[in-house]
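One chain, chain A, appears in both complexes that follow, with chain B as partner in the first and chain C in the second.
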Partner chain A sequence: MTAHAARPATVTAPPGTWRLGRRRWSVLIDRRALVAATVLGGLLLLAVAVSLALGTARVELTSTLPAVVGVGEPRDVLLVQRLRLPRVAAGVAVGAALGIAGVLLQTLARNRLATPDTVGLNDGATAFAVASVVAVPTTLAPSAFALVGSATAAALALGLSGGAGRRGYRFLVVGLGVGAALGALTQLMLARAAIDDANRALPWTVGSLNSRAPLAVAILAVGVAVVLPLAVLLGRRLHLLRLADPVVLALGQRVSRIRLAAIGAAVTTAGLSVATAGPLGLVALLAPEIARKAAGPRNVPVVGAALAGALVVVLADLLGRTVAAPVELPVGIVTAVVGGPYLLWLLLTTRTRRIP
Partner chain B sequence: MDRVLARGLVPAALVLFLAVLASLAFGAGEVGPARAFGALTTGTDEDARFAVLQLRLPRTLVAVAVGLALGVAGAVLQAAARNPLAEPGLLGVSAGASFAVVVAIAAGASAATLGPWVAVLGAAAGCLLAIGAARLRGTGDDPVRLVLAGAALSGLLGAGTSVVLLLDQRTADEVRFWTVGSVAGRDLGTLAQVGPALAVGLLIALLVARPLSALSLGDATARGLGHRPARARVLAIVAVALLVGGAVAAAGPIAFVGLVVPFLARALVGPDLRRVLAVSLLLGPAVVLVADVASRLLVRPYEMPLGVVTALLGAPVLVAVVRSTRLPSL
Partner chain C sequence: MTGTLEERATAADLVTEALDVGYGGEPVVRALDVRLPPGAVTAIVGPNGCGKSTLLGALARVHTPQAGAVLLDGRDLARIRPRDAARRIGLLPQQAEAPDGLTVRDLVRYGRHPHQGLLRQWSPDDAGAVDRALAAADLVELADRPLDTLSGGQRQRAWIAMVVAQQTDVVLLDEPTSALDLGHQLEVLELVRDLAAAGRTVVAVLHDLSTACRHADHLVAMRGGRIVAEGAPQDVVTPGLVRELYGVEAVVLVDPTAGTPVVCPIRRLAP
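Here is the complex of A and B:
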């Protein structure tokens, strides 16, 4: 055996990627992922502009984005900044959070059906948020409690299933059971509470952007802003979780630590999004699918999923506001109805591909 | 007599007997056990007599019928899918039945006169969808796939139900009491309506037990023993649809009973399907009655929906099934 040649002085980037930077300090950028993120971002911007323009009083499409920063006719600025922007911004934040949570959980469980709704995170967040509304009526409480709730659900599911390791399916089914129990608790609380409390708690059980609290949106935005870079940093290592545990260990990575970080990020984003808009069905399932279709199978498309989630929620909200006006369909119902057929198709056509 | 079977039947019968007594004796109202039994023996206390005979007795009978149907449906479905997690509620069968009923009412039918057949059709459709989604035939290495497919399907059908309810106020008013499972306020008329569907379903389930238990040896062996696997599965699905559709028509969707009952039955008498079915016939009503009594007592003077209690009972069982070192393939 001859000794290995010394590391070449210039490292060539793998096909399909760009290498930016010099020597040790460099990043690989996947060209396809970059294109996908740009396209999704552009679509999102367009959807936001349309969403700001349409409503009972119209604003010219071209003047919406200037109005966001306060340029243009006072009427337009008022409409956009005061009335529509908070709602659209909440939609963007919620969608991005759900997209991140979905893509992390799917990669973690190696199953495309693993989302915050199916593994009980949403139920936990809902149960705790409802509990806080019924018991501790302050504005901040639902956010904090929803976070605690989704963390509790995740901890229960993980603890009872013995970790989300090779037996990923255990984690999923235990999560399903935990979710069912917490859902029953929510029903119980709503049944026992006084009617006023129950009415105030109801928005947390149906996904809707109608009754978002400004503070919750702000907290969610901060959460997404913190988690997104972390998740992107995690992304390359998450990719490894698709391999068998011994292989990952042999590559010198600590599997349990990667898992813990990913679960923490998923819990944070899922819990905060429930605290803002209630449980939105199927967004966390659809967004990673769209991102994967766009960005290809090479990476875990964290940014793509966040953008796609925001796009889905903004479009669904737009649809819910306009399609049956003056009746306003809650955005959660729109996402469920639009995403449902896709989910069915996914269920009926996928054969044995369990790894996302 | 089969000693193993007796080991399961005796405790099940005992629990059922106690549950029936409790269901007659306890209520959310003022008539307690002492007054209830006094009314039955002496017959002077008119209020208590009314509460026991007119309110609690029909309710108890409906709960017995529903529990019987759901327990047997769970056992049959698990054998047909060879999957201990197959449960009508988890698989979206109940959600299919609810959705069908809600759509029928929105289309102009009346909740009072609507027979069980709409619910049966919905249950059959839900069953076929979940099975098509998970490829029932030889679930192979992945018993969880079926459950996830069912969870996703239930969510989808639930969303469809909410859309209909949101758009149609009349339907919402008629159906609200019914979309959460409960046996409160059901009378013998309900039982007469769904009785035929339940009876036919039960008959088919009992007839198909032998071929189904042969299927646990694998399709090839079952064929060698002279059974027809495909036909047995189709009959099993028909039976499940009839039983679950009837139960949903009578009491609304009640989750987890079909999981808990066969699980307990297998713990008592082992994996033989015929024994499991026999024990489930008694355990199903017992479980539903216990849950119903709990739903009356936990939040007095109100009542909790029955579905909430069964979910709280069933979730730990689900966890226990999954935690058992490896999922037994049936």
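Here is the complex of A and C:
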């Protein structure tokens, strides 16, 4: 027998993590998730800078970020702050919201195809936002109505499928049905509305950053700022939710509470993003995939998905503005064109049983 | 099994009183009174649909009793905070699935959850418990391998190691050996015996009566949501019990090495 070394004073952290600890307190940081978030954040910053630089009048790339805070040539500051930043900021907020909604829904349904597009949250939000424009034309109404709409869709999908977890697949199928019904409702309202009302409601049906309302963007930004930290705090439990319900219960968690919190967060972010930019297809599917690829299997990458979502939307909008200039393609069309083939590839290549 | 369990568990007294459990509607388990002997392996056996998994689910707090109660050391389990209960009772459900790409150690770390908190994410106890659980399940060499590269028996041992890391006095296992071949079954059952040898109260739902007789100290035989017989395997397993449970005519022999009953089915009896 070799002599055993004395127990080291420091605790060995599990592989791939850093442990920050002091006396009884300790926090584990997943190295790969941290690196992934840093890289995605850097790419997002770069995409934002490029987006601010390009347009009919160019701004030097290095001048863009200083111009955001008002430093530099007055012309650059005007172009960046007044004309381009609102659109880019809206893109960041919308993308982050969809990324969060996507990763939460996928995790709680244990299915990578469960996103606000597929389970009907976006359709519900759209239907209600359109109804609000056609019926009650005030500026606050679309945000409030879109929230109610996505909550209604979530309640319908959950209620009719008998819960999300064990029956993740059923939740998905019922959600598809709910989404289709609410989409038909939107079409019906647009067909019946006066032509001016229908025109005003159109932005909420295509997914575009062209005609976002400043108030809706502000409400969305507040929503993301509130939901993101809460979702991060929920992260450890979300991670647990990837195991079967009996395991989670036996580990001392109240599964239904975690699930309720997650669905509340997804409804809020999805609804508010639709109120801002309409239903942007496939962002909520792409962003969590990118984040998971980057952050590895040890965690539910909430921050990563938010950053990846923002990155996807900013890049898609940049592409839509530049590829066929001076014609602007709505960002929703770009994400659908890019995301469609990816969705097909996902369906054809991955095992359907895989748990996200 | 080369692994050893260092920490000894305190004896836990797990009892049901007039327990009714079901899935809404008619209870599957009815008016059940049973005491699970502390520090021993109890096997719950019976035909499909007899309520054995449902009973295990009630012991694990996965199902809420419709009537009656599960008592842990005399306290109603439903009134114990979930986290506290999870430090006393661990469960390995049937056909547990893990997310993609997790390693054995990642899975075992899940077991520490009831002992952790938002600002207490990795204590010296956690590190020690995970290391000892890996050693107990003989998985130290495989600790950093992804689960999907392991054999069925190794994977099942990893799941049991997760429950071991939870450091509970009671360990509940739902058909831990189903879908495993003979060698892998023994691999898992020897680990189960080690758990009881370290003072844990182990309750396992087992499909095969002879396996249950060979590896359990105590047998609970169920049919139609009720207990038909309970006791030491050699005392309760008779051709009459096999007929009553499964409607099968059988000869009961004695295992020449262990002295436990071995059931040889002959033919199905007309209902």
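Definition applied: the second predicted complex is superposed on the first by the 342 of 356 C-alpha atoms of A that agree within 3 Å, B and C clash if a C-alpha of one lies under 4 Å from a C-alpha of the other, contacts with A are read in each partner's own complex, and residues count from 1 in each chain.
Note that in this section contacts are C-beta pairs under 8 Å (C-beta built on N, C-alpha and C of every residue); 3 or more make two chains touch, one makes a residue touch a chain.
As the structure is a prediction and not an experimental result, all values here were calculated from the model.
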Inquiry  = Following the superposition defined at the top, how do chain B and chain C come out on chain A, clash or fit?
reply    = fit
Query = Is A:L160 in contact with chain B, with chain C, with both, or with neither (first, second, both, neither)?
reply = first
Ask   = Which touches a greater number of chain A residues, chain B or chain C?
value = B
Key: Partner chain in contact with A:A261 - chain B first, chain C second, else both or neither   = neither
First (chain B), second (chain C), both or neither touched by A:P297 = second
Task = Considering only touches as defined above, state whether A:L54 meets chain B (first), chain C (second), both or neither.
result = neither
Request  = Once the structures are superposed on A, label A:I333 by its partner contacts, choosing first (chain B), second (chain C), both or neither.
outcome  = first
Task = Look at A:L243 in the shared chain and tell me whether it touches chain B only, chain C only, both, or neither; answer first, second, both or neither.
result = second
Ask   = Counting only touches as set out at the top, which of chain B and chain C does A:V134 meet: first, second, both, neither?
value = neither
Ask   = Does chain B (first) or chain C (second) touch A:G281, or do both, or does neither?
value = first
Ask   = What is the contact status of A:V232 with respect to chain B (first) and chain C (second): first, second, both, or neither?
value = neither
Query = When the two complexes are placed on top of each other via chain A, what is the minimal CA separation of chain B and chain C in Å?
reply = 13
Inquiry  = Can you give me the overlap between the chain B contact set and the chain C contact set on chain A?
reply    = 354
Key: chain C-touching residues of chain A, taken from the complex the two chains share   = 11-15, 17, 19, 21, 24-28, 233, 236, 240, 242-247, 249-254, 296-298, 353-356
Ask   = Which residues of chain A touch chain B in their complex?
value = 111, 113-114, 117-118, 160-162, 169-170, 172-174, 176-178, 180-181, 183-185, 187-188, 191-192, 206, 281-282, 285, 324, 327, 329-330, 332-333, 336-337, 340, 343-344, 347-348, 351, 354
Message = For the complex, give me every residue of chain C touching chain A.
response = 57, 60-62, 82-87, 89-91, 93, 96-102, 105-106, 109-111, 113-114, 116, 118-124, 127, 130, 144, 166, 172
Key: Residues on chain B engaged by chain A in the complex (per definition of touch)   = 85, 90, 129, 132-135, 142-145, 147-149, 151-153, 155-156, 159-160, 162-163, 166-167, 180, 255-256, 299, 302, 304-305, 307-309, 311-312, 314-316, 318-319, 322-323
